[in-house]
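Below are structures written as C-alpha cells.
Below are two complexes that have chain A in common, paired first with chain B and then with chain C.
Coming up: the complex of A and B.
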C-alpha cells in the first residue's frame, strides 16, 4: 500500500510538471497545444536512447531531453505561432499524431514493443532505484519548476504574456513583441515536458508509444482546465486530482474518459475559471468581436 | 497501379470532403472548430449499422435515418456544448468541443463495445472495366453519392433563402440579425446540414472499410479538418477541393512513400500549407 501511494506521488509529480508547462501556454499566453504529450514523449525517448546507447548519466540524459523537447517546440512554434489559436490547436494535434507514428514506426524506438531496461538514475554515488529516493528527485524538480514558473508569471515577462492572452493587438501596440513571446513560452513549455518525459522514463524503466498518444495530451489538458487556466496552484491541484481520481474509481475504469469529457464541457460552462482560476479568464475580458 | 491509387484516393477524399464541408460551414458561421465532427460521423455510421442489423430496414431508409441521427446529434451538441459559451475566448469552445468529442467517443465505447461491426450490406459490388482499367462499383457509388451531396449543398447555399441567410450570417452576424435573420436558427441549421453530411460520410466509410467502431471518427475528423484548411477554411468549394486533394495525396503517399506513415501525410500537408499559404488554396472566409 505504501509502495502504491509512493508510486502515485511520483506520477503526480511528473503530471504537475506537465500540467504547469501546458498551463503556461494555455493559461498565460492564451494559446492552445493539443499535442503536449508529443514533447513528453520526445523527452522520454531521447532520454532513454542516450542512456541505453551512449550510457549518459541521468543529469546529462535529462538535459538532452530538455533540449530535445525545447528544440522541437521551437521548430513547431516558429512557423505556427503567428497563426490564430484554432490553427495552432490543429497543428499541435497533428504534430502529436505524427510524433506518435514516428515512435511506432522507427527501428531505433523499438516500434510498438518499445524499449525495455532503461537504467534508473545513479549519479554522485546515489542510486535512485528505491521509489522513495526517486520521489525526492521528482519533488526537487517539481519545486524548482514551480518556483521558476511563479517567478516568471509575476515578472515583466509574465505580465506581457497575460497581455497577449487578454488582447493580442493591444499587447502589440504596447510594444510587446508578441510572436517572440509566444515562441519563447511554447519552447519553454516543450522543454519542461521533455524534462517530465525524462523523469517518467527513468522511473518506469520501460518505454512504448502508448504512453504518449492523444489520450495523454487530452488528460493534461483536462488537468489544466480542472485546476484553472492561468493558476499555478490550480495546475498542482488539477494534476493531483486527476492522478488520484482514476485510482479511486478503479471499478469504474470504463467511465474514466466519459467523466473527463463531461468534466471539460461542464466546467467550461459552469465554472470556466476552474477550481482555482484567477477571476474570469474567459467570460469578461475576452469578449470576442462579432 | 497508379490509376488504382488515384481512384482509392478520390473515394476516401470525397468522404473527407463531406466532413470538411461540415467543418468549414460551422467555422464560417461561428468561427469555431467543431472537434466533435468525427464523433458525429461515427454516430451516423452506428445508427445505420444498428438499424440494418435488425434486418427489417431498407438500406436507403437506414442511410437517411443515419444522416438524421447525426444531424440531431449535431444540433443537440451545439445547444449543449457551444451555445452557452458563445462570446467567450476562442479557446473555450475549442476545449469544450474536445471534451464533447471524448465524451461521445467513450459513450459509444460503453454502449457498443470496442469491436468492429461489419456493415450488413444488401447489395453486391463488382469490379468493372472503365477505359480498360478496373474500377470497383462500390467506389463509383461512394464517389457519386458524395459528389451528389456536395452538389445539393452548393445548390442549397446558393439558391435558397435559408442558404443565403447562412451565408449572410457567416459574412456578418450582426448585420444579418439587423436584416431580420434569426441567427440562432441559422446556426442550428448549419450544424444540422454539416452533421447530416458527416453522418453520410460515416455511413459510406463504414461500408467501404466494412468496419464501424467508436474511435472510427477520430482520424477522418482530423484529416477532414486539414482538408478544410487546405482548401481555405470557410470556403465551400475549397473544402471539396481540399478533401479530394488530401485523399489522393494520402493514397499515393501510402503507396509510394511509406504505408506506416499514411496517417501522418495529411498532417504534414497541413503544416506545410499553414507555412506557405495559410489562407488555403482558395482564399478562406475565415480570415
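Coming up: the complex of A and C.
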C-alpha cells in the first residue's frame, strides 16, 4: 500500500510539472495547445536514448530532454504562433499526432514495443532506485518549477503575458512584442514538458508510444481546466485530483469512465473557470458563426 | 509631427484607404471624422503598425513608420486608445495603467506618472485593485485614456472615445480631452460623433470611403453645409418618392 501511494505521488509530481507548463501557455498567455504530450514524449525518448546509447548520467540526460523539448517547442512555435486560436489548436493537435506516429514507427524508438531497461538515476553516489528517494528527486523539481513559475507570472513579463491573453492587439499597442512573448512561453513550456518526460522515463524505466498520445494531451488539458486556468495552485490541485481520482474509481471499474466524465462535465457547467482559476477556457473557436 | 501622404491600405484584396493624406502639427488637436466603413480605424491601425500599408508614406517626427513593428512605434511616442474600450479585463486597474508604460525604462518617472494620473482621475485610485472588466463603460474609457497617458505620448490617438457611452459620460470624456488640449497634448481624434469632435479640435478632416473629401479649420467645418447635412444632422429632410 505504501509503495502504491509513493507511486501515485511520483506520478502526481510529474503531472504537476506538465500541468503547470501547459497552464503557462493556456492560462497565462491565452494560447490553445492540444499537443502538449508530444513534448513530454520527446523529452522522455531523448532522455532514454542518450542514457541507453551514450550512457549519459541522469543530470545530462535530463538536460538533453529539456533542450530537446525546448527546441521542438521553438521549431513549432515560430511558424505557428502567428495563427489564431482555432488554427493553432489544429496545428498543435496535428503535431501531437505526428510525433506519436514517429515514436511508433522509428526503429530507434523501438516502434510499438518501446524501449526497456532505461537506467534509474544514479549520480553523486546516490541511487534513485528506491521509490521514496525518487519521490524526493521529483519533489525537488516540482518545487523548483513551482517557484520559477510563481516568480515569472508575477513579474513584468508575466503581466505582459496576461495582457496578451486578455487582448492581443491592445497588448501590441502597449508596445508588447506579442509574437516574441508567445514563442518564448511556448518554448519554455515545451522544455518543462521535456523535463517531465525525463523524470517519467527514468522512474518507469520503460517507455512505449502509448504514454504520449492524444489522450495524454487531453488529460493534461483537463488537469489545467479542472484546477483553474491562470492559477498555479490550481495546476497543482488539478494534477493531483486527476492522478488520484481514476485510482479511487477503480473499485467501480465498469463505471469509471462514466463517473470521471460526469465529474468533468458537471464542473464545466457549474464552475467553468475551474476550481481555483480566473479565466475561462476559450472555446470561441467552437462558436464561430458559419 | 505626423504626416500621411497618399496612404493606401486594406484587408486581403479589399482596399479600404485609397490615398489618405493628412498631417498633425505639434500641440494641435486634429480630428478625423466620417461614417461607418470610411476607413477611420484603418487609418489608425496603419499608423500604429498593426496593418502594414500597401503604398504611401507615414512619417512621425522625421521617422518612416511604414515598415516598423507596432512595439517599435510605441517607443517613438505614439499612443493609441483603441476603439471599444479595450481594457485588460482580468488585470487590476493599476496593472492596466502600468502596462501603458510597458516600454518605458525610467521606473521612477513611471511611478510619478502613475500617481499623477490617479490624482487626476480619482476613480482610478478608488478602484485600483479591482479587475478592470468590472468597471462601468465610462470608467473603462477613462482607464484606457489614463493607460495611454502612462506612455507619455508625444501624440495621443483616440479611436471613437464616445462610442457606446451614455451622453453624460461622453461629456466627461470630452472634458478630459479639452483639459489635455489645454495642457498642450498633441491629439489625433477619430470620431463618428462629429459634433463633439469638431468642438474640441483645431482642425478636421472628413473621410469618406477611403478618401479625404474635405479638410479645414474645425470652426469652418462646423459651418460647412455638406458637413452639416451629412454629419451634424442639420437641415435633415425625409425624401419620399
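Everything that follows uses one rule, which is that the second predicted complex is superposed on the first by the 259 of 290 C-alpha atoms of A that agree within 3 Å, B and C clash if a C-alpha of one lies under 4 Å from a C-alpha of the other, contacts with A are read in each partner's own complex, and residues count from 1 in each chain.
We take it that a contact is a pair of C-beta atoms (placed from the backbone, for glycine too) under 8 Å apart; a residue touches a chain by one contact, two chains touch by 3 or more.
None of the values given here were measured: they were computed from a predicted structure.
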Next item on the list: Once the structures are superposed on A, label A:89 by its partner contacts, choosing first (chain B), second (chain C), both or neither.
Entry: first
Margin query: If we overlay the two complexes on their shared chain A, which of chain B and chain C does A:176 touch? Say first, second, both or neither.
Written below: second
Margin query: For the overlaid complexes, name the partner, chain B or chain C, with more touching residues on chain A.
Written below: B
Next item on the list: Using the touch definition from the top, say if A:98 reaches chain B (first), chain C (second), both or neither.
Entry: first
Next item on the list: Considering only touches as defined above, state whether A:167 meets chain B (first), chain C (second), both or neither.
Entry: second
Note to self: If we overlay the two complexes on their shared chain A, which of chain B and chain C does A:34 touch? Say first, second, both or neither.
What the structure shows: first
Note to self: Quick check on the superposed pair: does A:159 touch chain B, chain C, both, or neither? Answer first, second, both or neither.
What the structure shows: second
Next item on the list: Could you pull out which chain B residues touch chain A in their complex?
Entry: 27, 31-33, 80-81, 84-85, 87-96, 98-107, 109-110, 172-174, 218-219, 222, 225-226, 229, 258, 260-261, 263-264, 266-268, 270-271, 274-275, 278, 287
Margin query: With touch defined as at the start, can you tell me which chain C residues reach chain A in the complex?
Written below: 48, 50, 69-71, 74-75, 79-80, 82, 86-91, 95, 98-100, 102-103, 147, 151
Next item on the list: Could you please specify the touching residues of chain A with respect to chain C in the complex?
Entry: 159-160, 162-163, 165-167, 169-177, 230, 278-279
Check: Which positions of chain A touch chain B when the two form their complex?
Finding: 26, 30, 32, 34, 79-80, 83-87, 89-91, 93-95, 97-98, 101-102, 104-105, 214, 218, 221-222, 225, 229, 254-258, 260-265, 268-269, 272, 281-283, 286-288, 290
